[in-house]
């Protein structure tokens, strides 16, 4: 086993992470999508192909996407299409140049944790647990919230709203929630994004059960 | 690892799926049964033998069943009998020629999700989650329900009721529920049916806990 | 993988079952104990040694116990002692000559399922689920209950009460519950006992959450 | 597989335990820390490096810490720092010479189990379950509680309060809880501490769901 997901080729790492998250029931059916900024060309990123079961990905199930324009730079399988939620990943990489990985998971806990938030809530308050430190908040009784977005059929609409709100007010934590649709989490490295997914899901599990 | 369960021999794939679902506690004891339409002879299908623990199946633990008549076409072990719920699988393959796999699992979540439905309910309303898209419903706030059937000691009675209702009204989704007895899910391919089982169980987990 | 636990040497099978149940959190710490009647000498049985973590057993972590008298017939490690609950297993093998395996697990679900039973209850009613068929009850709406015993510090006291009650009234199912102490399940074969543990734990999970 | 974690080099054992606990969701993100007293020099102990994901540790991810003074005796990687909670482990080894391992895990269950305790509670009462015996309490209806400490941003403050309270009154069990921060458990051997973590988490799961 490698010491960190960042020691691996990004596509190898993302396929391993997908298998891991699938095993934890965070990527049921073909849900969820994972991406990593390209190392040599930071103006592009790898993202999972659309419609594939996440427990069985291999390195060729990723497409390289241009950061500026909505186009595929590299694909390995004829007909492969990028994840339907590519637009959300693009916004995160465009807004935050230090971000190199973005992971969207879709758990029952995350759906339950926001189920009691009114439809127009724009944030999900987090419990004041020690675990919050893993999201770089160092306070004894942290009072923080995750940005919360309504779900829409049209993903570019969600992406546009994320861009608008995050441009006006940078997010307090490196994660966001979409109603009925799970968490999107990012980090400076694959390992950091992976660790933060675990932390966000820990908090979702706590909220869902509290 | 193969890229899709459909890359494998169907019996190999079904044995792997059984092991996977057993690990998730969806096939306790000898519960549940899995089938796939025969590729060369679509008028027959493979189904799990009756009474076996699903975590330890091999390729010889399947029987081939004729689609038209209630008879075994092929068996590998003397005395092996087809699943007690073969009649339900037969109805699904007869009614839906495009269906090539049918998977019945039996989870605590599915039992809890319907526990509060009155005994005479004929459907289980689903929550309006993004995950519903995995069942081919593309709406922003999907209002859909799974067909729900009463459990009976006599399986052919259940099968007959499924045939009657589905002939009158095609099911809105490729799955049905039986009271206290879990979900039956089908798809055009083994991988599609497998993905949909995950989605249905995700929804059952949400309902059981909501 | 073998096709059934009964294809293996009983001690090999019990060590594998212990690892499996430990992974499912049914044998935390050193809790639980597993036994199988000796095949050549049915007046003796193998049982787990006392005080060992169940995720790491090997074939030498079992002792052979005489059925009639409280004595060790065979041991592999100096100082190894039979499980503190050997007396309960002995009663089961003595009362039911057809039983060849007896498995005691200790889950959170089982503790929660009986938590609301009054301290003097002598049975735990089961929900009328299809899963009950796996315990050989073939009714459309089964009304059955598991025998329930109070926990005592002195295990021979528990064993004596089991003998007294089961001699007066044979148990309706091949399992019993002890308050705050989990389920004991038996079967004609190792595989049957294993399958029934899964079924009983399924029912405990349902009751704990219902 | 070794028969006991104590048959292994302590760092190998701790890395395996970390992987195991990570898989159970008890060490999300980089949470938790594990230590073992040095066998040749009992005035020092190995502890996990700070800030690493616990599912991917190797033998070089541990530092050796002096028991008397706050200094690193041995490290394998430049820049590696000892766990932020090293001060708590030091107190346990200083107060209890018979203790050779100390494991801090961080579960959702443990956070939920104390969530309803007032902020100034100094103990968490445990349920009277058989499982309590695994913590060396042999009573028919055990009435015991785990010491409970408030969480603080400054770990040496927590460590000082543990020292103060445990010096005044030895803890009744080999474990303590910190509000919103999980369980710290110790034992005479690695295997004993590991077993007790399982028992404490069993009790936390019961309390969280009861």
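Worth a mention:
For clarity, chains are labelled A, B, C and D in written order, and residue numbers in each chain start from 1.
We take it that contacts are C-beta pairs under 8 Å (C-beta built on N, C-alpha and C of every residue); 3 or more make two chains touch, one makes a residue touch a chain.
Bear in mind that the values here come from a model prediction, so they are computed numbers and not experimental data.
Shared contact partners of chain A and chain D do not exist in this assembly.
Each chain's centre was taken as the mean of its CA atoms, and the one lying most distant from chain C is A.
Under half of the residue numbers found at the chain A and chain B interface occur in both copies, marking it as a different-residue contact.
Between chain C and chain D the centroid-to-centroid distance comes to 32 Å (mean Cα coordinates, whole Å).
If each chain is reduced to the centroid of its CA atoms, chain A and chain C end up 45 Å from each other.
Shared interface positions of chain A, i.e. residues touching 2 or more other chains, are not present. Taken together, the chains touch in the following pairs: A-B, A-D, B-C, C-D. By the touch criterion stated above, chain D contacts chain A in their complex at residues 25, 28-31, 53, 56, 58, 106, 108, 111-112, 115, 151-153, 178, 180-182, 208. By the touch rule above, chain C contacts chain B in their complex via residues 1-4, 24, 127-131, 134, 138-140, 191, 194-196, 198-199, 201-202, 205-206, 209-210.
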